[in-house]
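Multiple structures follow.
Two complexes are shown next, each including chain A; its partner changes from chain B in the first to chain C in the second.
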Partner chain A sequence: MKNVAMLLLACSCASAMGSVYAAGGTCAAPVALSPLNAAGSASGNTCTDGSGGGATANQVASYCGIQDLSNQPQEVYSVTLAAAGSAGRTATSLSISSTTAAFSATMYLFPGTTAADCANGGPPCGQTGDKTSAIDLTATDVAVATAGTYYLVIGANQVEAKAATACGDYNLTWNNALPVKLQGFSVH
Partner chain B sequence: MLPTLFATLFAAAQAQLPSLTAEPCDFGETYQLSAVHCTAAYTNNSEKPMRVAAQAAMQFDKVAPATVSIAPHSTAYFELTANVENDRGHAEHFFYAVSDADTGLKVYTKASGFVVPLLDGPAPQIDFGVVGMGFGATEPAPKSITLDTHEVAGFRLQSIVKAPVYLDCKIGDDGRTLIVSFKPSAPWGIVGEYVVVSTNTPKQPTVSVRIKADVHGDVVPGENPVQFGIMRLGNKNESLIQLKALSGKDFKVGKINLERLHAETEVKPCIPAAIGCNTLHLSILDTQPLGMVSGRVSIELPEYDRQLNLVVGGLLLKKDAIVKDLKETDAQRQSAVTTPSNTVDLRMALRNATKPVDSTTPPGNGPLLKWSVANEDFVYGYIIYRSATEGGAYSRVNAEFIYPQKSETGASTYQWRDSSTVPGHEYWYYIGVLKQNGARQDLTGPQKVVAK
Partner chain C sequence: MKSFQMKALALAVLGLAGFGLAGSAMACDATNLAAWNGGAAAISGGTVTAVAGGLDGSACAMSAALGTAATSQASVLDTSPANEARYRFQFLVDPSHVTTLTAQDSVALFSATNQTVAHGRKGIILVGLVPTATAGIDNISFSYSCNNGTTYKCIHTSPVNLVAGVNRIEFDVQMATVGNANGSIRYWINAPAGATEPAPTDSVTGIDNSAWVGTKLASLGLGSPSPHWSSAHHGEAVLFDTFDSRRQTYIGH
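On to the complex of A and B.
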């Protein structure tokens, strides 16, 4: 398991390909996406998934205005999380790994409805950078646990990978890292 | 022969190094509301001396010295100071340096560590929702939050250290409740500020509570926050936000200030025209940096002597950027698999397997706690809480966290002995988990023991 980073983003009026035009509180209908539930995976290679078999494009320039992500090949996924609970989301984590040497596959998660938090110094801007574990979707204090549309940007780690040319393969999985489970407790 | 080969390889490796490289540093484990320090190394890999200027990427962090000269093939050290006031769990703060050898290249490093929140529960916050301050609104009721921790016994709040001028804040009679109310002078629009309160524990002398609200004055925006979702370079990324006076009176719009936004704004009458109604045209420009857009529009309303704050969010991508649906990608992958893969199921089965890992029994006579768990991916450490009664005031008794073993089987067993008990006395224990993201979680219920 390699590096994981996260970042929040407002996205109530998402349009995947066309222009965004919001008027007086109404906006283009959000793109309908399947909720992320049971375990699954997606894989790719930022060196070769671009047009003509080349590196993917640099899609985003910065991480919360803090970390410079310019020049690194990236891929973008959209994902919808249903509300947590027995009738809703069952996925509890997102994890990324890579087999490419000298490439720290990093996942930047841009969830929805939290623009106010970022703009006002709230989470997750205080929780920047890489993680050495998966993103915990069960967290009660992190906005990634809330339902909504999110965007996952897959790229390199700015600090460790010297990201200007860093690319490689990645494997994205969800629901593989489970919440801690008690198996026994006694006091003698 | 071999020495020559190694020398050649070493020289080649050196030649590939960037002229300036950095090593990150670790500030260790700390509680919130503190400034932490560590030393990062910057190395000049070139044949020439270079002048290096360092900066913090985050607003309240610092780096010293600001500039330094580094001789060829030498290393200089910078003291990084990270403000972890509102961090929780695994935290990273970024810094960068630019050398006179390559002024266009920012070389990043980071200070990382783990920030332990003192308080139980999620990050404390009072969300007022919509607060009416305008025409015909009744005075908003105060709201409160009760703060507690099992980290220490007898936790109390002491005094308000810092609060926005438009909030009235006081501590409740129980010494653990913060009571907040809005003054009529509050700015209109979205508010997100911290109130800092001192505590009676040296572990973390202050705690902060985030106050959220959408203050509705007489002039109310049609939407706030203004959420663009995905935007693309070259497209018309525009939003029309209706500004309407609840009093039904016409109003003037003064200067409009933008924070963290490359945008154009224009205020026009509403269509169809109506008294007390204007429309703000907000267009994100292509000069906006790619990536997350998280900014603020502050609109001066001179007749009210007030500002209306709109929060703006979105994700700006290149025109041809492809956004894949993660679920559809997974479905395509699964349909392409001709033989079913059971890798995930096997891994889960392994993780749920009860294969305890032996751990040494600690010496002594005090109560011995034993527990076993599976799935430790998100666990930072275990905490032992103790009380004299089942429903009593529990407080932490292990000074150091018990760090997870994270065994390859996914199951781990632990033993911990409490050597601070009095023989013959009754004690209640339960175990809590501090997660990697700083959240606390109860792992067990309480169990009773009489100390030997």
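On to the complex of A and C.
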């Protein structure tokens, strides 16, 4: 009779600990996040994080060349990502939530290195996510798969962009799914 | 004739090109696309085909669909414009075969570009399909080059939504004279029949776009998909027909 024993010292469970960031910045002065190789979160409110406690300013007027975001308050983070699937990118998903009614908090993650790249809003378009759909950071066939510097813009979606209520609170979270590593193996 | 017809340029001075899918008793095959002197650009999983059922009562229409890649394109190209300082274009589009758009969907339907790069951009105008707050009702949005000193890109969304089925879209793009903000974009969505130019559906004036000179390349079909379009609407066809372009006079129908 064979006895197979495997010792798993690491698991794929997400870490509950991690860096916590406050509100985002602007295209000119984004708030830099960790490289998403540890769990973390960031939160803000696009209605009140602006000057004098008012709404933040619009940063990206158009996304992907066509989506009209010109009238919505936004906040901006920057993040340097390792390639998808590499040891440097252990986060597998980037999620956003909001308690503000009638505000579909939306994430726009796209590549760029300068404030002008940020304000231009792509293309390249990167990936998007909202309260109902997280950004998948594991896929190798999407525009955010390659290593590089990205902007993460938080705002409303294009349908809400013209509405006066197109702002609200948000909470970004990303996990740290450590890969499963086989540490021991024996056959008896 | 079954081929993609060039319209007789009766208005030789004012006209540029007209492309319709005439069709015949023969199949709506790839030869229908031959009239586009820039050919078809079916890239990264994109497909461009001629299919039965023209949008204007003719036999054939152009069907364009994208693949899953962000770089996917499915369009036909017209290189006959000669840096046109004024460029009118019209086309029929039927997006009814596309499943309901969500807030993260968008795709380009038409673009006109300059010959050279100015401020990092070649595009003069990019017309796209976008959703509205009402599921199943779509709209158009367009970005255009403008000298705003930062991104050199401005954007505008139509206040009038598209109707279900076939829509007739006409634009009149005028470049500014050098040093002035006197360029304009006027457009008509489903204008009433007639050759006399009606009041536009909407317009944007005071554009400083002289740095982009004029239209040299026109592209009709799908491109620049948003990430969600690529994942949720790949393979879904948008139909096009009856493209026409002119330098001066209203196209109408």
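Here is the rule we go by: the second predicted complex is superposed on the first by the 109 of 188 C-alpha atoms of A that agree within 3 Å, B and C clash if a C-alpha of one lies under 4 Å from a C-alpha of the other, contacts with A are read in each partner's own complex, and residues count from 1 in each chain.
Operating definition for what follows: contacts are C-beta pairs under 8 Å (C-beta built on N, C-alpha and C of every residue); 3 or more make two chains touch, one makes a residue touch a chain.
The shown structure was predicted, so the numbers you read here are calculated from the model rather than taken from an experiment.
When both complexes are overlaid on chain A, the residue A:A82 reaches neither chain B nor chain C.
Shared-chain residue A:A61: touches chain B and chain C both. In the superposed pair of complexes, A:Y151 makes contact with chain B only, with no contact to chain C. Once the two complexes are overlaid on the shared chain, A:S104 sits against chain C while remaining clear of chain B. Looking at the superposed arrangement, the partner reaching more residues of chain A, out of chain B and chain C, is B. Once the two complexes are overlaid on the shared chain, A:L172 sits against chain B while remaining clear of chain C. In the superposition on chain A, the residues of chain A contacted by chain B and by chain C overlap at 61-68, 116, 119-121, 123, 126-128, 130, 133, 141-142, 158-160, 162. Taken together, the chain A residues at the contact with chain B in this complex read 7-25, 27-28, 30, 33-36, 39-43, 57-69, 75-80, 93, 110, 112-123, 126-134, 136, 138-142, 149, 151-152, 158-160, 162, 172-173, 175-188. Those residues of chain A lying in contact with chain C across their complex are 61-68, 70, 104, 106, 116, 119-121, 123-128, 130, 133, 141-143, 157-160, 162. Chain contact summary for the complex, chain B toward chain A: residues 18, 22, 24, 57-58, 85-94, 96, 106, 108-110, 112, 121-123, 190-194, 210, 212, 222-223, 225-232, 235-242, 259-260, 279, 289-292, 294-296, 311-318, 320-330, 333-334, 344, 347-348, 351-352, 354, 367-379, 411, 413, 429, 431, 433, 435-439, 441, 443-444, 447-449. Within the complex formed with chain A, the residues of chain C that make contact are 68-70, 103-104, 106-108, 120, 123, 126, 128-133, 141-143, 150-151, 153-157, 224-228.
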